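Can you keep this structure in mind? I'll have questions shortly.
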Amino acid sequence: MKQNTALIIIDMINKMDFDGGENLLENSLLVAERLKEFKKKVKQQGVPVIYVNDNFGLWQDNASELLEECKKGTGEPVVEQMEPDEDDYFIIKPKHSGFFGTQLSILLDHLEVKNLILTGVAGDICVIFTANDAYMREYNLWVPEDGIASEYKEDNENALRIMKRSLAARTDSLDSSLLGHIFSS
Amino acid sequence: MKQNTALIIIDMINKMDFDGGENLLENSLLVAERLKEFKKKVKQQGVPVIYVNDNFGLWQDNASELLEECKKGTGEPVVEQMEPDEDDYFIIKPKHSGFFGTQLSILLDHLEVKNLILTGVAGDICVIFTANDAYMREYNLWVPEDGIASEYKEDNENALRIMKRSLAARTDSLDSSLLGHIFSS
Amino acid sequence: MKQNTALIIIDMINKMDFDGGENLLENSLLVAERLKEFKKKVKQQGVPVIYVNDNFGLWQDNASELLEECKKGTGEPVVEQMEPDEDDYFIIKPKHSGFFGTQLSILLDHLEVKNLILTGVAGDICVIFTANDAYMREYNLWVPEDGIASEYKEDNENALRIMKRSLAARTDSLDSSLLGHIFSS
Amino acid sequence: MKQNTALIIIDMINKMDFDGGENLLENSLLVAERLKEFKKKVKQQGVPVIYVNDNFGLWQDNASELLEECKKGTGEPVVEQMEPDEDDYFIIKPKHSGFFGTQLSILLDHLEVKNLILTGVAGDICVIFTANDAYMREYNLWVPEDGIASEYKEDNENALRIMKRSLAARTDSLDSSLLGHIFSS
């Protein structure tokens, strides 16, 4: 794993207080457990971690406030697992793609990142939107098939197929032995 | 059909000289025949037509030159059918989404357009990318299921499902009776 | 004053720990006193207040943390005067223009704002950059001549002249009787 | 002069059929003569030339048509001097900055350009807007003081001062001996 790789965690700090939120919560919890371990592992290798998270209507660019708000919601069990460390980056997004109306691409330039590991929810909405924008900006993509979740399994798989085919994304699982060399070439 | 609607035609002026181009050509030809008629019909109702087209590496923002180039390629039969009229708009895009690095959103503001009919190729790449960006910019979307084509049928259907579910897109067919009132509400 | 107007406060939450910071601090303090009153007055009329503020290298989209940091810096006296209220919006920018890499234009759409009162520092850098971007996005601009400050007076005046001439900005002072009708037409 | 440098020519293909156009025409003609020579010289050294030009309301991304249109206008003498070569790039912009709603930054990435020589008109509008956007994207800037023109000399000088101070731009003249090493460090 090279330093020019970043781990992106999308919308895991989440109220989940919308229709379909319960389904998404269940699927997200499974991802959260795996992702927590994976995050620990890649941080030890110097990979920066960037939360890219919905603003949930607050429009404050205030991560502290956003965290407090989301702990009060249905998504609390996921928030507990995924709470950002002090040295993680935290970027608030107003729309679906992590690149739209955010400082993400400027931060990635600043960190000299070329490879993105995209994780989080929902696979068929914010993850795929962010992946599209990342691809147009010429990042190499790894979207681990067990590192994203959607409300419905079938939609999650559709999204993975599209990202694999149209965005040249790797979709190997989080515990893949690829970890060491997936972006090494 | 209201004047605040535009017909977007994506990448139909196309060399199709890439791997998989033959498949795409065959599928695009079917779309081109239907789309030509549809274009005629909506223009009579005052709907502006906007070609949004790959630059094919020319980087010249020169539609005349682009047309000449594409007529020399495999895609020529489609280009013949879909040649733009003098009063159509023509926007050249450098990447997959019609909104990325183009004047499209500024033109749509200028035309006071709120509703987009997205058509063209490829459904699972440039059409879905453009649809994503359109959705984030709060346009209402109609992506007629028989107005787009991809290299593979299954991928085209996947893309339609994603656009329907995640982008709230209508996918009714081109000859749908919805034409008159689909965006009327 | 119509509801489609917003007060933008640029970089007043500021460490001012750079070369030239002392000059800027002195000039900013004068602005801060006037601006504090002006802000109170326009809020009573329902005008939303949007802080648009440098990230000072934190990359956290965390307004709370940013405020704490800036209180420790040379700019503390200005921060004290200009501390945001709970109901003010707070947007963090990574570069000079408030529109570049931020959710500002999406928030302004959301608030249906068409007219901007641009205030803050530095007039010849972040204010004029933000003004340029605002003008291209077709906002009407009021940049009160006593609501902005730069390190050097002459540079501040140059910036005002450019904004007046090239961006069609009004530059009337904060206590202008224009307040009631400047954007009414 | 390194290959990672590009010469940008702004709005020299110009109708000049607006108020103040006559003044601008006179000032632009002086620039055109010098710029024509300069362009020849830098092309011999392998520097790519990129025209970045207003759309003049055509919305067609059609350089051929734009050239024809502008030859019919007041600006014809300048257009004659500055007509693009076949191997020059041509980018059409809908607004003042060459980066807003265009493929410019994608082309510059593609060409691996880091240093820009900004020339053309008007210095106090489109040139300074483009310079601002270039600076935020971390390009090094050379805006030759005799390579730009504005309607009024004083405004041109103001713009140069702002670009020098706030954008760290070099403003040495076109025939400067700096040509060989200005961006060499």
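Annotations for the structure displayed:
Chains here go by letter, A, B, C and D, matching the order in which they are written, and residues are numbered from 1 within each.
As a working rule, contacts are C-beta pairs under 8 Å (C-beta built on N, C-alpha and C of every residue); 3 or more make two chains touch, one makes a residue touch a chain.
Bear in mind that the values here come from a model prediction, so they are computed numbers and not experimental data.
Common neighbours of subunit C and subunit D: there are none. Each chain gets a centre from the mean of its Cα atoms; the one farthest from the centre of subunit B is C. Centre-to-centre, using mean CA coordinates, subunit B is 33 Å away from subunit D.
The geometric centre of subunit A is 41 Å away from that of subunit D, both derived from CA atoms. In subunit A, the residues that touch at least two other chains are 95, 100. Chain pairs that touch one another: A-B, A-C, B-D, C-D.
The part of subunit B that touches subunit D in the complex is made up of residues 55, 59-65, 89-95, 100-107, 110. Touching subunit A in their complex are the following residues of subunit B: 95-97, 100, 124-125, 128-129, 132-133, 135-136, 155, 158-159, 161-162, 165-166.
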